[in-house]
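The following pair of complexes shares a single chain, chain A, combined with chain B in the former and chain C in the latter.
Let's turn to the complex of A and B:
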């Protein structure tokens, strides 16, 4: 088929008039509530991004199939952050100014969430993220209380690291942190919890990205003769550091966050170097009925189990939580009224519910407490949750979950 | 003391890689007379080509050779399509164009190979000790490759007719022209050489670290710093300055804190330029 200029123009005109039409229906019937799915489809977050986005769409489908939230259907506009703050800011601007979304869901990586949050705050929109930086909890980032974090903070990761180090019987811990809010957040969280248990951090190093070598850093840490090194690091720097560490001939153990100690890392450094690494990640609420519902949706959309993507369980919960809050706030509630209801539908007390349809029914009788697929999803005063942590050990090239730690 | 010697040897290896990149920068500056910001991305391209070559043949040497060939080809293409056309303009035009060339290379690499990291699967071996100082076999290989490259480049510059012409053009382009030296052939030799040297730097950096589309771009500042420190346009100076910066970074940063590693490069640069504004080896001597 050939497309003539006239057809193209007609098409363009049609496309341009669409938002105007939906605006009309919005005004008449309470219509739709618009949300932005802003996820790391490409870049460092790409192993997770597509699944995260698809679970937003799947959860929205489930909400709409149950008759929508307080009479309103949800409508999704999807964008890619490219896992880069600049690209994410452009995409968020487009979502807020052009698509007029009232909530942005699923930003990944602290740099991205910190960059997007001023925009959502300015627009009075809700931002639900999966990032770890402690700065996202408090003012100025979360000055308006519109931010919710479905992932553990780096501080909580650090606490989990300390639990594990104690459980494994380590005595002399050292830390290495990538010089940003997330990396230092991890190791500082560890230091606080580790020292509270009466231990000492024998050496700590903060390093710069993109160096030709990290041997000086390693040498300083290793000189303190630690039995374990705890990191706040990312994939590339962890790869370089572990390769250089192995070639120093030292035998230390490593506790590394799961986003760095993943199958990619094992592939890059080889089985021998990776043997015995501890990989720590937050785990989904795997025994809950809500996880089963999510798992089914994930299998349908991505053709693999929901366990493979902890962040997709979080984005699933974002939609359900938001929709339940809308339901609780009643017809035509504005964002502020919806925001005020989020803790009410997610935290105890109340009837425990595991899906939107169930929660919608239960709301008619009284208070509810949504237990998520990603965690029990109880938000504290900062909008943070406390998931459980899975501890995996690399053995012969595979990362195997050994036990779960609660903090 | 043992620690300091170990740190210095680590810095020496990093410094050789920085020095190679600085050599590529300084060669282009000496002869084509502009700062080539595409040097970093030519490094990256060389590293990716070497990854492909290594995967095909299973040999790091063959992979490296393909990397060098790809780097040289990139240099020649950039000259033919971009820098030749800008020869008569001011050097700022070429500098700006080189930023664009680098951007294109980076974007294409990102598109073709993705933004995830790739690694050279070097065998991971434990170190051996000489007088209780740890020596890593992979470091020795990387240092040897860098030194061989430097020897070859200096042989080309000082023991071949084309090298002599290149030095003549660097010294005085007008005089070279009236002496009957065809500038075009000199330029072709220059771009092939600079591209090849960049590629070696990229391959060695890739072996030390990880290969990603941004790796070379991020090495550009240290490379420029070393080129300036060595006395811009001076090949020996660039290499010596690279090593100096590498060693200074490793030895001093444990004392002042590793977050100052990058700043340290510039502190050294500042210090030297305060006392020797022409850089370590000065511009006057040039590539001669």
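Let's turn to the complex of A and C:
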């Protein structure tokens, strides 16, 4: 069969007119508050993206089941950023212009968040992200104060690493960073804080992603005879690095961010290799009831433990925080009024609450302080969170929380 | 809705610039360039770095074109004498080298952190009028490029490069030096990519190395294959088809409500892939392809 140019054009025109037949979603429905779930479902963020999006949907379900926020139900429109700023810009435009969302939740890569923020600012919509780049906190990006970051900045992670290294009495620290903004942010943050305390970084290596072996990088670091190696790394590369390090027989300690040093890592490298690793994580409130609710939802949606996706816990919290702020702002509040309430419902002074239903009740009596599943969620003037950092040590194959560092 | 359409149009316009450049190289001259994104990247970073130092838009655009063309010069010099397929490999490597350079040279490009806050074009306008102005600029750029290309096709230079595409040995036998022509074509096409990169940087406002992956190159290839290789109109139509598929598929969820939100992302990409396969089966010459030739 051959298709003529005319037929193809007709087909394309038909495809183009598809949106016209789906007019339902264009109508401005009264009584609902529209939010956009803009997550990295495909591309580099894909290991996290679908979990993030599913948790937004699950949290919205929970909010709606509790009767909605200030009488309004939440309605979600989901899009994929493809972890590419340009695709994300188009997706965000669609969410804002076509679906008329008033808040965009869950952008992941810094590049994506930085590209989307001017659009949400222009539309007066809230943007809640999980990115690490410092530029997101300040003007011009966050000029209107509509941006909230649910992830600790990489810089803060680095500061926490330095605190731990000092506390543990290390003298000769080296760093290894995955070559992206987040990896380097961690080790540079560490370097700044570590050198401010009068110490020296004996060697620092930045490595390229997706290598089959990191022996060369490892040898360079080990040649400087460090007593501890601080990493800004991910699970896959950390697994390879630790295996190869173990083969060298060197007796170095490791301080690794929690998203890399998790139970899966221990399972992958074995108990013997993992023994004595320091795993550092923003205290993702695993003990808090909010985490239990989230964990249950995550298990149901993804068939995995909630700890395996720290970003999904953040997107869960985004919905709950937003809904509580809506509840506090009262019926038919506009975005500006809701925005003004976000810190009020999330920061201290107030009854600690752990879920939307609980918060809704408590709001009738007075102020509340939502303690999230991802962290205690207290926003500073830039919309950043400064969580406490939990330090865990791997011992006989289990990761045990030893102490908490405040920065 | 309008602002969304304008945004799509702007991205389409940027892609058309890239597609026109690639069409000149592959469609007209037969240079298999798998490293197009490298020149796009050079253009974007040139514009970003210059404008960070307060250079105005009127200079960043030509400078991006010039630098992208200059970047093509040494590449062409050393490798255009290679056979087609080998040049394809070299060019793919070139674009990866460009990406690694902007990743590593942190003093210049801020490395993986990228360059945030690139000034927007027509910054004194706002909202729709600003977006429309950008679109207008792109239209002008594209029209100039298309006009120039049409002139070129009918000029002796155009006939020469088509001859090179069709039979390079014959051209050599006539005493012409194909490499010199190919070098010029490579630089011209790269200059177009450079301009596209500059507009992209100013429009998105943030660039980082991870945005300049080979995927972009292959999207442009998809566009010119669907549109019709060797036709100026093919580059235009192909890009539009690509964007219709990429963006139009966002609305599929409204007609296919039984697919969950998360699955939709994969379904979208699957549909674009399916369309490509159908195109190559049923319209191998592309939509606007040349049917006079077998």
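Basically, the second predicted complex is superposed on the first by the 252 of 407 C-alpha atoms of A that agree within 3 Å, B and C clash if a C-alpha of one lies under 4 Å from a C-alpha of the other, contacts with A are read in each partner's own complex, and residues count from 1 in each chain.
Here is the rule we go by: contacts are C-beta pairs under 8 Å (C-beta built on N, C-alpha and C of every residue); 3 or more make two chains touch, one makes a residue touch a chain.
Note that the structure is predicted; figures quoted are calculated from it, not measured.
Q: Which partner chains sit in contact with A:97 here, chain B, chain C, both or neither? Use first/second/both/neither.
A: After superposing on A, A:97 lies in contact with chain C but is clear of chain B.
Q: Thinking of the overlay built on chain A, is A:239 touched by chain B (first), by chain C (second), by both, or by neither?
A: first
Q: Please indicate which partner A:352 is in contact with in the superposed arrangement: first for chain B, second for chain C, both, or neither.
A: In the superposed model, A:352 contacts neither chain B nor chain C.
Q: Applying the touch criterion given at the start, work out whether A:44 contacts chain B, chain C, both or neither, answering first, second, both or neither.
A: Both: A:44 reaches chain B and chain C.
Q: Output check: A:85 vs chain B and chain C. Expected answer is one of first, second, both, neither. What do you get?
A: A:85 sits against chain C, while chain B stays out of touch.
Q: Just chain B (first), just chain C (second), both, or neither: which does A:343 touch?
A: It touches nothing on chain B or chain C.
Q: If you stack the two complexes on chain A, which partner ends up touching A:212: first (chain B), second (chain C), both, or neither?
A: Once the two structures are laid over each other on A, A:212 reaches chain B alone.
Q: Is A:179 in contact with chain B, with chain C, with both, or with neither (first, second, both, neither)?
A: Both partners, chain B and chain C.
Q: Looking at chain A, does chain C or chain B touch more of its residues?
A: Counted on chain A, the partner with more touching residues turns out to be C.
Q: Go through the superposed model and pick first if A:253 touches only chain B, second if only chain C, both, or neither.
A: neither
Q: Do any residues of chain A touch both chain B and chain C, and if so, which are they?
A: 42, 44, 179, 208
Q: Can you name the residues of chain A that touch chain B in the complex?
A: 42-44, 46, 179, 205-208, 210-213, 215-217, 219-220, 223, 235-236, 239-240, 243, 246-249, 264, 268-270, 272-273
Q: Which of the residues in chain A end up touching chain C in this complex?
A: These residues of chain A touch chain C: 1-3, 5, 8-9, 12, 15-16, 18-19, 21-22, 24-26, 37, 41-42, 44, 49-50, 53-54, 57, 76, 78-80, 82, 84-87, 89-91, 93-94, 96-98, 109-111, 114-115, 118, 122, 133, 135, 140-141, 179-181, 183-185, 208.
Q: Which stretch or stretches of chain B touch chain A in the complex?
A: 3, 6-7, 10-11, 13-14, 17-18, 114-117, 119, 121-122, 124-127, 134, 136, 138, 205, 208-210, 212, 214-215, 218-219, 246, 249-250, 253-254, 257-259, 261-262
Q: Which residues of chain C touch chain A once you look at their complex with the stated criterion?
A: Chain C reaches chain A through residues 1-4, 7-8, 11, 100, 103, 111-114, 116-117, 126-127, 200, 204-208, 210-211, 241, 244-248, 250-252, 254-255, 261-262, 264-266, 268-269, 282-283, 287-288.
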